[in-house]
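The structure under discussion appears below in the form of structure tokens.
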Amino acid sequence: MRRLNRDRLTAIALISPSAILIAIFVYGFIGFNGYASFTRWDGLLPDFTWVGLRNYEKLFASQRFQIDIANIFTFTVLFIPACLILGLLWAVLIDQRVKGESFFRSIFLFPMAVSAVVVGVVWRWLLAPGTAATGSYGLNLLLEQIGLGILKNGWYTDPQIGIKAVVIAATWQMSGYTMAMYLAGLRGISEELREAARIDGASELQIYQYVVLPLLQPITLSATIILGQIAINVFALVVSMTGPGPGFSTDVPSLFMFDTTFRGSNFSQGAAIATIMLLFISGLVIPYLIHTSHNEVQA
Amino acid sequence: MNKSLMTLISLATIGAFVLTACGGAATTAAPAATSAPAATSAPAATAAPAGEAKFEFFSWWTAGGEAEGLNGMYKVYKAQRPNVEIINATVAGGAGTNAKAVLATRLAGGDPPDAFQVHAGLEILAYSPDQYLQPLDDLYAAQGWDKSFPKDLLTLLKYNGHYWSVPVNIHRGNVLWYNKKIFADNNLTPPKTFDDFFKVADTLKAKGITPYAFGNNGGWEDAFTFESVLLGTLGADGYRGLWTGATPWTDPRVAKALENYKKMSSYANADHAALSWDGAAQLIVDGKAAMFIHGDWANGYFSSKSFTGYGWAPAPGTGGIFHVVSDSFAMPKGIKNPKNAKAWLEVAGSKAGQEAFNPKKGSICARTDCDMAAFNDYLKSSATDFAGNALVPGTDAAANPKWITAYKDVIVIFASKGDVAAAQAGLQQVCKDAGICK
Amino acid sequence: MNIFRFRFYRLFIYTILSLATLLYLLPVYVLLVTGFKSFQEVNLATMWQLPTQIGIESFVRAWNGNESQGFTGLAGNFLNSVYLTVPATLISAMLGSMNGYVFAKWKFRGSEILFPAFLFGMFIPYQSILIPLVSVLQKMQLYGSIPGLIFVHVVYGIPITTLIFRNYYAAVPTELIEAAKIDGASLLGIYRWILFPISIPGFVVVLIWQFTAIWNDFLFGVIVTSRPAVQPISVALNNLAGSYVVEWNVQMAGALIAALPTLLVYIFLGRYFVRGLLAGSLKG
């Protein structure tokens, strides 16, 4: 009994420093930000005159913001599954005792090591369509040369495609990390579990379906949250790759926030955008987390 | 139990040790890095005032001609104050937006640089000048700068009755660049009006040549180019009135300007969203497009690519008008090295300082008395125009930052949707929001 | 499975992996090729073409900078990044590991709420908290120094490192912990003797993430350490670009140089993706 109490205290003591830091540097600042969003602070000198919901009204009425929300939604919905699927695929393939495993792993991971600004520029070039007068550039040129010219399109210069082109660059950059997470998970599944299933007559595919994938669920959860965070806050990549795009077709809330805060000196509007994004995320993440912790408790 | 506690303590000790070692290492790294610019012993000069050994200047001039020009000005400064260590704090990116973010955080956080770069005009409002900056009226009076700078420029620099920054250079925003070979081959002359422009463009289009190079990947190029069209359609006074409330944005001439812009854009290369302004300039260099309407830092780009086959003219409709984009230096309150900073501003506004800075930067002096020998042909002609033309402020100078950003957003949507009525209403609305229009 | 099927199966795997490799390397090819070109040659239209002359001039300039042209290279800030990234990565990984352990195996009243509260910290947009952050750091005397930057990265690394470790430890069978408890081990003892040794894959995943994130971070690097002399390499890399004209050959050469240490870390840590680590410890 005493051991239990002492351990409980140790547990709390271990968590406390982090909890305090989070309380100040996350929630304290969120609070500050939230308060600022209800003011009319629009110069360097803080002006905390209360204006109620005015900033929010203006934001939701703003065409740019409406487009941004649609864009970030599209981006997230495409980016997360793409990274999960590709990451899992590469991890499973590499896990098959391939020679040169270290080589393949490094190739897929390397994109993450390159700075976001440079990733943006390279993909800007790769997906630059070219014109009839100048000829095709980048990927379009390659497609032409290997006979797949029919797949050519305007990529991010086409407002219909817009942010979807950015998903390609982002997936290139992040799928390697998802692969690393899945690889660590795969390596953690003991061979005995798989052997047991094999002895019971399961095929390799069935082993993956019924033994391996379920055991990888916690990783899928972590990966989804991490990828979700990247998606919501994607900034440097968009700035250097496409900018806001024709008619804001590649604009995202973080870009709008940076623009309005530091170019427009409109701090209160920037704070309002940040607050909306946070509410948006909590609306998704919190129910998901509660749902999964309930599942774990039951299991 | 004891063992784990020991482990924890040793980890913590190692951690603390590492931290202090890093702190020490960081400070030993510092002198090594900053002693590099120190350098040459210069002949006779004034020693640094007691206690002020450094001077920190903050800008977004990080590479290329801009950095070279800045270096030139540092040399002039060092000749006067050889014992001062210059800290060149720079942040690139976002056409200055990254730098503005850092500057705002530093000023708000009570860690101001001794001087910093800012566009001349109302951009200064981003830094709440009454609170954070030092007024420079005394400096202007002492240096007799009311005689060195053109009147229109001086008007631009005043806010709330005070001067807040010293203008260093002048860039021109309303320039039409063209590929001389394409024009010669097709017997064309640079268009003076919009109608001329459309005639020239039609001729070129019929021959399969891209008439107009454009790149708006950066997101700001549409709004910037539109200023030249506004200028060309409304003239200098009409244009100035837009920013003071004298000309309502509902004026039919604004609608005409929007129509002009729309038609002009129809002659642009289809992949303009993939190119930033330098990508468009490259089309001129490569002979893939004929005309390019942009600020005269394009001139710097052409030079860096060793391209000389370009000609220039005022943007259509803007003959005799000079759209001013000017960099200037300001001085915050509560800085660590006020005397050194003041000396820097004196150099910045001086003939020697501006002559050292501008040729390399690719701009002309803000002063009217610089020796033009070191400047290239374009800059020489620009200086002549600057002396004689009507000077108008660009949006950065004429409007507060919040208004400019909102104005830009309206134009971005217009460039894509082409709805003139909606754009005009939007422009009038953001003017109202800024408190200028009724 | 007969030999033919097996061989075909292996061939299939290698083909897919090789194709994927080629696709993933396309952008790297552009990076490399551009880094070896001169500024005159850099042109969107010719991005696929090999340089007419392989010049390492861009790399040299990216590293050394150019005094007369007024830009500093990456060399001066490289050590700053090392002093920043190594401690920050290690500390935040340890912190995440301990937090994850507590949340996964020592649930106490309120931990169900505390954990999501931690996680939420991952989602704040950093740009929106810069001004209060600087203010607090100043009060703590941490503003403008590398230790301050380490502190910031450790704090904002807490959510993600805790998340990864918590989910990793959740997969460890509770019987292991129970058995140790019966043997009389305490919370810290179990961590030291049982969990820590089998945490390697978890650490690999966290170390890869934190090292990359901290080494490449630009925003905190430029805001928290405002003096050029103490800034990390990511800021110097960003400054290789002019604000008006960007010399892409130098910029990309610089990016490749800056990415090398991270790549080395990946290769080094990759050795620890060893199969059966967990299984081995479970047996004993």
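A, B and C label the chains in the order they appear, each numbered from 1.
Methods note: a residue touches a chain if its C-beta (ideal position, glycine included) is under 8 Å from a C-beta of that chain, and two chains touch if they have at least 3 such contacts.
Everything numeric here is computed off the predicted structure, so don't read it as measured data.
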Topology of the chain contact graph, where touching chains are joined (line, ring, star, complete, other): complete
Contact-richer chain pair [A-B vs B-C]: B-C
Chain centre separation in whole Å, for chain C relative to chain A (CA means): 15
Centre distance in Å when chain B and chain C are each reduced to the mean of their C-alpha atoms: 35
Chain B: positions in contact with at least two other chains: 93, 101, 104, 108, 274-275
Residue numbers of chain A (touch at least two other chains): 117, 128, 130, 134, 137, 258, 261-262
Multi-chain contact residues (two or more partners), chain C: 44-45, 127, 131, 186, 188, 238
Contacting residues of chain C [partner chain A, same complex]: 10, 13-14, 16-17, 20-21, 24-28, 30-31, 44-45, 47-48, 95, 98-99, 102-103, 106, 108, 111-112, 114-129, 131-133, 136, 155-156, 158-160, 162-164, 167-168, 170-171, 181, 184, 186-188, 201-202, 204-205, 208-209, 212, 216, 218, 234, 237-238, 248, 251-252, 255-256, 258-259, 262-263, 266-267, 270-271, 273-279, 282
Partner chain B, residues of chain C touching it in the complex: 39-40, 43-45, 67-72, 76-77, 79-80, 83-84, 87, 91, 94, 127, 130-131, 134-135, 138, 143-147, 150, 186, 188-189, 191-192, 222-223, 226-230, 235, 238-247, 250
Parts of chain A lying in touch with chain B, wherever the complex brings them together: 42-46, 62-64, 117, 124, 127-134, 137, 154-157, 159, 239, 242-249, 258-266
Chain B residues touching chain C - in the complex, by the definition given at the top: 1, 3-5, 7-8, 11, 15, 18-19, 22-23, 25-26, 29-30, 32-34, 36-37, 60-68, 70-71, 87-93, 95-96, 98-99, 101-102, 104-106, 108-111, 274-275, 278-279, 282, 286, 297, 300-301, 304-306
Touching residues (chain side chain A, partner chain C) in the complex: 3, 6-8, 10-12, 14-15, 17-19, 21-22, 24-30, 32-33, 90, 93-94, 96, 98, 102, 104-119, 121-123, 125-126, 128, 130, 134-135, 137-138, 141-142, 172, 177, 180-181, 183-185, 187-192, 215, 218-219, 221-222, 225-226, 229, 232-233, 235-236, 254, 257-258, 261-262, 267, 270-271, 273-274, 277-278, 281-282, 285-286, 289-290, 293, 296
